[in-house]
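Structures are listed in the sections that come next.
Shared between the two complexes below is chain A, which has chain B as its partner in the first and chain C in the second.
On to the complex of A and B.
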């Protein structure tokens, strides 16, 4: 592009005769495809952002997610600068300044300490990162599997489709939390392993069926026929025609997947079945194990921050998912 | 239709055996020997341990154990529980399954009724303040952390207000000298409940054939007669006080579960209603000059009901999932708590039994959902 412009300019300087002709040629120099694509992409992104921003509840969800993101990022910085590791470490720290543990909120410990003398705010922030890693990893695995299988089964159909749909039926019918509890109690997985298990279970299960139904409605569109008539191969049609139209839905179900994964993790840690050092579920488990269950408001900092965080982050991802649903599914928008 | 049902049943039985096989091998793949872990006496010799393993048939290769288990399963024998030693697994399931079923049937039905009613009103009031409040409230309840919420409910209603007991199935002090077995009383209560449900359905179907004007009085009258009949049976019953005690223990778990799960039905009904309201027949109904609530309830909501009914049946299917959490929080001795205890004590036969119970419940619910779908949606015809 730049080459052609510079040569045109140098040529035109040399001979005035050809200038007119070349200038016309320059005008019809085709804009490269990637530029058109970026422009189109940018335009639709702006439109979609406008639809998304129209939904105030979705924006609220996004704000909550960002807030938790800041908390997760701030924890290592705080540990490196302000907080002394001996006092503030979320797992091994102990607050020597307090006479009684758990200590109520004070200037030193903004959310107090837990029954083992550890800072609750530090635990809360440290766990946030774990929840994000688990939720996003599990949702990414789910969506990758579900989109691949959904697109290909909808395109090819036949025996291939039947096998994966029967597998999906089997997984839907399995009581997932019970199965996870059994597996966690017997095999004691750590966080990434749990993310992979949750991702595989929901990837081959319900999410596949939903994404496949979307892929089926894309498959019968005229442009797929046109691509076939034009001689496009299977791989080309799936990669360049079906997948780009399917990705918005995948992204949408990723949001719901994050909610489900965080929820499963919290439930499993609440029963003390996971090999995780600290998480919101474990914070509630610790308070329960130490007998502060029915203390209610008196020891509120033991139960409420962790419980509210689980609910807030889960509902934030869910709200963003619902707002995205209105972007990709025009039938839900306002009349 | 009959052919379709027959094919579905065959498929579901096949799926069940695949599920059973997977569960069996998965649970037996856990590290260590589940039986030997039950014996912690250090003075036991290796020969004694081997003899015990042999008497349980655990010395055979795994595939042989599987075939034996399959054979026993077909005769209704699920083995012996390790942690409740001489009791067979099937007996434990029969004792505890009704408690789980009643908890979830009643809470899910309650949640579905409230959620459906609120969802259709919500969709009708698109864009008003009601919608924002209900959506945020609904999503919060839908994604609330159930163990934490259960604890808060116990703390507030049972501990602070003292309206309900702190958990458990019955009050041991009251039952100490009771001349009845609690399971027998509970069975009688279950029979009464199912009879009431059947009677209410009959009244509903009879009233639908009547004039629209006489419909409501018939329904109210029928409900009153049924209520009076239940009271007439139970008040002179010698175990009435004990039955009341079980009911008292039931209220808080049911209320908690219904509060958490009605939001799901509400949000789903709203979405489904929003899609239905765009259909031409709704506009036609409005153009005819029908009142708003008739358009909403008779024309739109009927059609918007389909996905919600499916979700309702699937919700019933996953009862054991919610059961593990709720029953542990409320110390409710049902199948969920049994499953958790079984895996934490490595009682493999009981754990397999619990999962089989959950799996068969889910499979039955799926079959019902398929048939119901065909019945509710005339556009779906299976051939």
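On to the complex of A and C.
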């Protein structure tokens, strides 16, 4: 480089530009930068919340999720206070005061008892926590993997990109549920292990491809070139320009990921393939194993609560995802 | 110059008009009086045309084909030509956004030239302090999630220039310089809260914040409303003079080039066909393509008869172009030699006027 540029010198001094406006001693912003950033972040969060709240289905989804959240939290409290463990424990309890098991709903057992004499409501509430843990953990793993791979493959391309795309093709080509069934039959995993497996399969599979296509559309934006001209390296461009624009989509696909994970768990539990002591899928499995699956409406409390819960929680996360879609995709907004 | 005057001039441009610019020492620039800042030698950029996964690439888009020119220190060189002729590609090559297929780009004067091709790592960062680019689209060239402060400060941050307080001051100074006053009211806004003209001013501030010596401006005003276009152009030429910046000013609008540039280079399908000082080129165009370009400038006064376009046919593709003159198919004055010989070289016809044509 020939002529060195004394970049630390003030522009006004160097070029003799008159800047009466800036003839001042104090800082331009009286508050430190990070406080401004927190304020801006808070403002945009409020704006996004307003857009989300405009969408009634999103609020409905959120309300359902909150309801289940309350159920999950209420179970240990009820067990510690009003429900005595011998009768109400979701796994080892037995209702001695019913003559016949399964017993229909009554004042003591609001949703009746199952074929083994256990309280259905207690089972339902106890399982809710597991469903949340499984769904959120699996979705978090999925999205972390998919975002990392999607952003980097879109940015770097080449052989690196090709390897991960072939892996994704392979996973997508294999029917996921049969793969999971074989895997569960062989290893008999517990819930966290299942969450990791689902997370990895989905993270390296379909979700990566969706997130990568989003990352590609960000990667070709002129502001990426502008960042390069500014002197930004690969890490700077990925961290400051690609990821912040990608994360809303990741969050969105996380909601859909929860739905998929809960649904997979229900299917696997129904086949009795999981090393799980209680879940909504197990509740249906228990009814089926005792021969009540096809008994119709007569024993409705064995099937409807668990089935409806699976459907409701899955759709709730889906609805929230749809409403978030409008927040992160401004083109979809109605106004 | 008021906005109305400039707006009027915008629509009333014709080569026969007197120069619209006010007497101004900046315009008395003569390339011959200064040493070159940028020297381009036989610059080429070919893009392969993909024909399926396993097919060998045999076809190439000759986006930029054998360009050689110099840009003087403090000069503003206009690059004009129709869409797809390789203007943006040339600009990106000069700022090292893409690497040339062949050829060299040197930065600096005769004695101490730096070839920019082999620069790596820290040397590239150093290079980015000297050479910057302003992009065409003010809506897409800024990260929508960054504030104006973060956008303008980005070059300083990635290059590690100054402390937080110094950067803040520098950014505010730049915003004031580009006419966004008071700066404090713009610092923490987001790009979508600004108008197109204000955004382009931010883009100019971002490019100039590291005090570069050479700036490639890729149609910086073409996406702006005509009424604010002139203001931004005025600002850019003012800043060039104050901060001693050299421009490669890319545009397809001859009126804009006339206002902004000391010299104009005309490109056609990856080749430079004519290069001359602005008024010389506009008053005495020699290449048939330049003449056609000038004839196509709209004349708002219906009483003025418009010359017939001295051109035929449509734009040929830049994929594997013929070895002979690129303009041959559309040329009305072509001779046998134009078909038989290679594409004509850019030859000096005196008065600093270079033309690539056998027939003139």
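The rule we apply is simple: the second predicted complex is superposed on the first by the 304 of 335 C-alpha atoms of A that agree within 3 Å, B and C clash if a C-alpha of one lies under 4 Å from a C-alpha of the other, contacts with A are read in each partner's own complex, and residues count from 1 in each chain.
We take it that a contact is a pair of C-beta atoms (placed from the backbone, for glycine too) under 8 Å apart; a residue touches a chain by one contact, two chains touch by 3 or more.
Every value quoted in this text rests on a predicted model; they were computed, and no experiment measured them.
**Student:** Have a look at where A:259 lands relative to chain B and chain C in the superposition and call it first, second, both or neither.
**Tutor:** After superposing on A, A:259 lies in contact with chain B but is clear of chain C.
**Student:** First (chain B), second (chain C), both or neither: which does A:226 touch?
**Tutor:** After superposition on chain A, A:226 lies in contact with chain C alone.
**Student:** With the two complexes superposed on chain A, say which partner A:270 touches: chain B (first), chain C (second), both, or neither.
**Tutor:** The first partner, chain B, only.
**Student:** Have a look at where A:181 lands relative to chain B and chain C in the superposition and call it first, second, both or neither.
**Tutor:** In the superposition, A:181 touches chain B alone.
**Student:** For A:288, decide between first (touching chain B), second (touching chain C), both and neither.
**Tutor:** First partner only.
**Student:** What does chain A use to touch chain B in their complex?
**Tutor:** Residues in contact with chain B: 56-57, 60, 166, 169-170, 172-179, 181-183, 185-187, 259, 263, 266-267, 270-271, 284, 288, 293-294, 296, 303, 306-307, 310-311, 314-315, 318-319, 322, 325, 331-332, 334-335.
**Student:** Which chain C residues qualify as touching chain A in the complex?
**Tutor:** My answer: residues 92, 95, 97, 107-109, 112, 114, 123-130, 132-133, 135-137, 140-147, 154-155, 158-159, 161-162, 164-166, 168-170, 172-174, 176-177, 181-184, 187-188, 203, 206-207, 210-211, 213, 242-244.
**Student:** Given the complex with chain C, which residues does chain A contribute to the contact?
**Tutor:** 1-3, 5, 7-8, 10-12, 14-17, 19, 21-22, 27-29, 33, 36, 40, 221-223, 225-233, 236, 240-241, 244-245
**Student:** Chain A touches which residues of chain B in the complex?
**Tutor:** Chain B residues touching chain A: 15, 18-19, 26-27, 30-31, 126-127, 132, 135-136, 139-140, 142-149, 151-152, 154-156, 159-160, 166, 271, 274-275, 277-278, 314, 317-318, 320-322, 324-325, 328, 336, 339-340, 343-344, 346, 351, 354-355, 358-359, 362-363, 366.
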